[in-house]
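You will see chain A twice below: alongside chain B first, and alongside chain C after that.
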Partner chain A sequence: MISSTYVAGKGLIYHFDARSKLLLTLVLCIEVFLPVSPTGIYLLSLISFLIALYATGMKQALSPLKTILPLIIMMVLFTPFTYTDAPAAITAGNVQLATTEALYHLNLLIARFIAITYMATLFVWTTTMSDIMLTFQWYGLPYSGALVITLAFRFIPFIADSFKMISDAHSLRRVSSDTKGRRRSRIFDILPTISSALVFALKSIPNLAATLEHRGYSTGHRRTRYRTLRTKGPLFTHFLICVIIATSFYLLFSL
Partner chain B sequence: MNESRPAMKIALVSVLTAVTVVFTLLVRVPTPIKGYISLCDVVIVFSAYLFGPWTALLSGGLGTGIADIIGGYAQWAPLSFVIHALQGLLIALIAHRKTEEDGTADTASLGAMIIGGIIGMIVMAGGYYVAGGILYGFQAALVEIPLNLMQSGVGVVLGIAVAKSVSKAYPPVRNLYW
Partner chain C sequence: MAVRNVIITSLFTALIIVGSFIIIPVTVVPVTLQTLFVLLAGVLAGRKTALTSTSLYLVLGAVGLPVFSGASGGLAHYFGPTGGFLIGMLLMAAISGAAGDAAMKYQNEDQTLMKKGLVILILGSFAATVSIYLVGIPFIKFNLDLTWPKAFATAMIPFIPGDLLKLVVVIIVSNIFFPRVRSYLAVKDE
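What follows is the complex of A and B.
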């Protein structure tokens, strides 16, 4: 099971400081909900897509679009029903399919959703998981909070593997061989498999707690601290670039 | 839980967060309409019943948020964090269990578990409806309500069954409530 989202690639975005990158992502995600033109939002999506394309290649860059395609289809199907009191824009015979207002809002929703998807994805693709964790720490995530997340990442592969082993062991004892029976059996079989996997995972808790205590985490006091994020050039410059991009976008495209 | 062992709390929340991620991404049950539902709600409900509001809030929120990031839906991560954290918190608060002086907790009644589970279902389906409505329109978000209700309903049913079977199979879980 892959528990990292980092995609190795090229481009300036990989050298941009993770803290300013997160701030820029958040600010731009908020800005697309302010009164800005859909053209500006599409431009933002296009730039994000082009950065992803240059950094990671066509196949990778198109993958977020594939994941949100079903939602875009739902928007196309259902948004026209919300805005019906405006001049018709698309008709089939005497039936009004979509009004001008519906098309405007549909356009805005799709642009906004693609922009948010690409900006959030670009951030997690171009920042290593450890840098994301250090960024959250820098923004004030408590020591124990960061510890929980790092330990969870350490346990994900272990629990995924043990679940698979337990599931395989349980599947050996299936009786039915016909497809319908197998599917029904699989649904009923899930309960003992889940219980076994949970007991297996829960049994690791006392050992993990003891290990933490041996490492000095006994009274809530920390003996270790997280390393500081390094950045190319002064951090101030990275934040300045981030502010310039966010402000320019709003000034250029606000309605 | 023994309050003088904060490492136990960290270990409990970490392992349950990892379990939530695995159950969200790997464990899926096929539905009659050729789709799949994830079992993240089973772990959230199970955590709420056996380990209390704080564990359910933290492991439910963090687990589903991390699963969204790993699964390629990073834009949903903050929303999933809030919705599932609230879901876990409310279920645990409603199905509240009394803690004995020795730190063990008695079992919540089935009625409280069911009411807590139903409130959790409403919070989950309602939360995603509001979030989806803001992101891609309220008409389109309506379509997801039945699917979310089905997923969280399966979560409640399996969560109750798993909580009962795990507390029988591994009695030390009774000491982990906080």
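What follows is the complex of A and C.
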């Protein structure tokens, strides 16, 4: 469960400014949907993967691929049915399995999917949660919006832990050895588990509200910011690098 | 934004995220609970809070935080076959929230729901559940270029038992928690 997505590692990407990193991620994500060659998109995925590999190691670098694998399998299963008019590329006896057009589109679809996933993942792995929040605020996210996100991320481990404890307690009350019985008991346990978890979560609200009020929230005096975004070198240089990368990619691989 | 609204919004954002990690084996197709919490956010906290919580969840996922089911995230999910179901959550939040707000007018003196209010909640939750398919099924159909029957068979029919179960849970839970959450939200900050 997420409490922080930051993965400590090494490499220049950790020193790149979070604001320019977010901009570059978003611009490249848009560019892969413009008419660019699949080779370029795969190259982008490969570079992102290699950066992740160098920064975090093989096991961590492969994890995004594992999470998107079910969606890729779904694309592989369904895309060939979409383009059936072009010449056959793969056949089994007399049965046409995939056309050249289907393979081209499947290739493009998978390339885009992997590229976007790796770029977004690299951003959250190499930027601390507080820097992500400060970046959002720099781009105009209101103070209360940033506070909601911060509180939500503080709530997640608390709710997840209590949900698991409550769920375990309910399953202990109805022990069943066979698989079918266990499945049935998990279904029947949804209602009491959710009710108990909601009670637990709602009961925490008054304390949190009192804490926020004591710290001055909602009286017009915003909390002092102890952390600021620090950049190695001028911020302009970071943005310039980001623009050069995005422009070069488009000029080199646009069709 | 009032303190209470900030906390309730963050609480439901967290619940939606946690819901995407909880898998219940209803039929052969397991279901996750994020749509249940979107429905609950709307019914219990109203349209504004539900829309804000759901939007934040979707933005956090788009940026790449692993908040979607299977601990995944990234803008790519919006362009994949199931992207319509993510976008449809906004419609779901808006409809269930509107139902919750409308049901508020039909409360007894002890703030429990009148029968009419409960009927509005049931109909609103049902409409909200249907609405996610109104966005999700055309999206998957055009994304994978499926025929309509195939799109329904792939993206709707296996999930109906899970959705019915979630609807029952939402109705029972919201009937219990509605007065408490609404009265909490009704108190104005000093």
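The rule is short, and it goes like this: the second predicted complex is superposed on the first by the 236 of 255 C-alpha atoms of A that agree within 3 Å, B and C clash if a C-alpha of one lies under 4 Å from a C-alpha of the other, contacts with A are read in each partner's own complex, and residues count from 1 in each chain.
Heads up, the rule we're going with is that a residue touches a chain if its C-beta (ideal position, glycine included) is under 8 Å from a C-beta of that chain, and two chains touch if they have at least 3 such contacts.
Nothing here was measured: the structure is a model prediction, and the numbers come from that model.
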| item | value |
| --- | --- |
| Combined model on chain A where chain B meets chain C, clash or fit | clash |
| First, second, both or neither for A:Ala209, with chain B first and chain C second | both |
| Partner chain(s) touched by A:Leu65 [first = chain B, second = chain C, both, neither] | neither |
| Partner chain(s) touched by A:Ile47 [first = chain B, second = chain C, both, neither] | neither |
| Touched partner set for A:Val243, first chain B, second chain C, both or neither | neither |
| Contacts of A:Val124 with chain B and chain C, given as first, second, both or neither | both |
| Which of chain B and chain C A:Ala86 touches, first, second, both or neither | neither |
| Chain A residues contacted in one complex by chain B, in the other by chain C | 1-2, 5, 33, 64, 67, 71, 74-75, 78-79, 81-82, 112-113, 116-117, 120-121, 123-124, 144, 147-149, 151-153, 155-156, 159-160, 163, 183, 186-187, 190-191, 194-195, 198, 201-202, 205, 208-209, 212-213, 217-218 |
| Residues of chain B that touch chain A when the two form their complex | 4-8, 10-19, 21-23, 25-27, 29-30, 39, 42-43, 46, 58, 62-63, 66, 69-70, 72-75, 77, 134-140, 142-143, 158, 161-162, 165-166, 169-170, 172-173, 176 |
| Residue ranges of chain A in contact with chain C within the complex | 1-2, 5, 22, 25-26, 29, 33, 64, 67-68, 70-71, 74-75, 78-79, 81-83, 112-113, 115-117, 119-121, 123-124, 132, 142, 144-145, 147-153, 155-156, 159-160, 163, 183, 186-187, 190-191, 194-195, 198, 201-202, 205, 208-209, 212-213, 217-218 |
| Contacting residues of chain A [partner chain B, same complex] | 1-5, 33, 63-64, 67, 71-72, 74-75, 77-79, 81-82, 105-106, 109-110, 112-113, 116-117, 120-121, 123-124, 144, 147-149, 151-156, 158-160, 163-164, 183, 186-187, 190-192, 194-195, 197-199, 201-206, 208-210, 212-213, 217-220 |
| Complex contacts: residues of chain C adjacent to chain A | 1-4, 6-11, 13-15, 17-18, 21-22, 24-26, 33, 36, 40, 52, 56, 60, 62-67, 70-77, 79-82, 144-146, 165, 168-169, 172-173, 176-177, 180-181, 184, 189 |
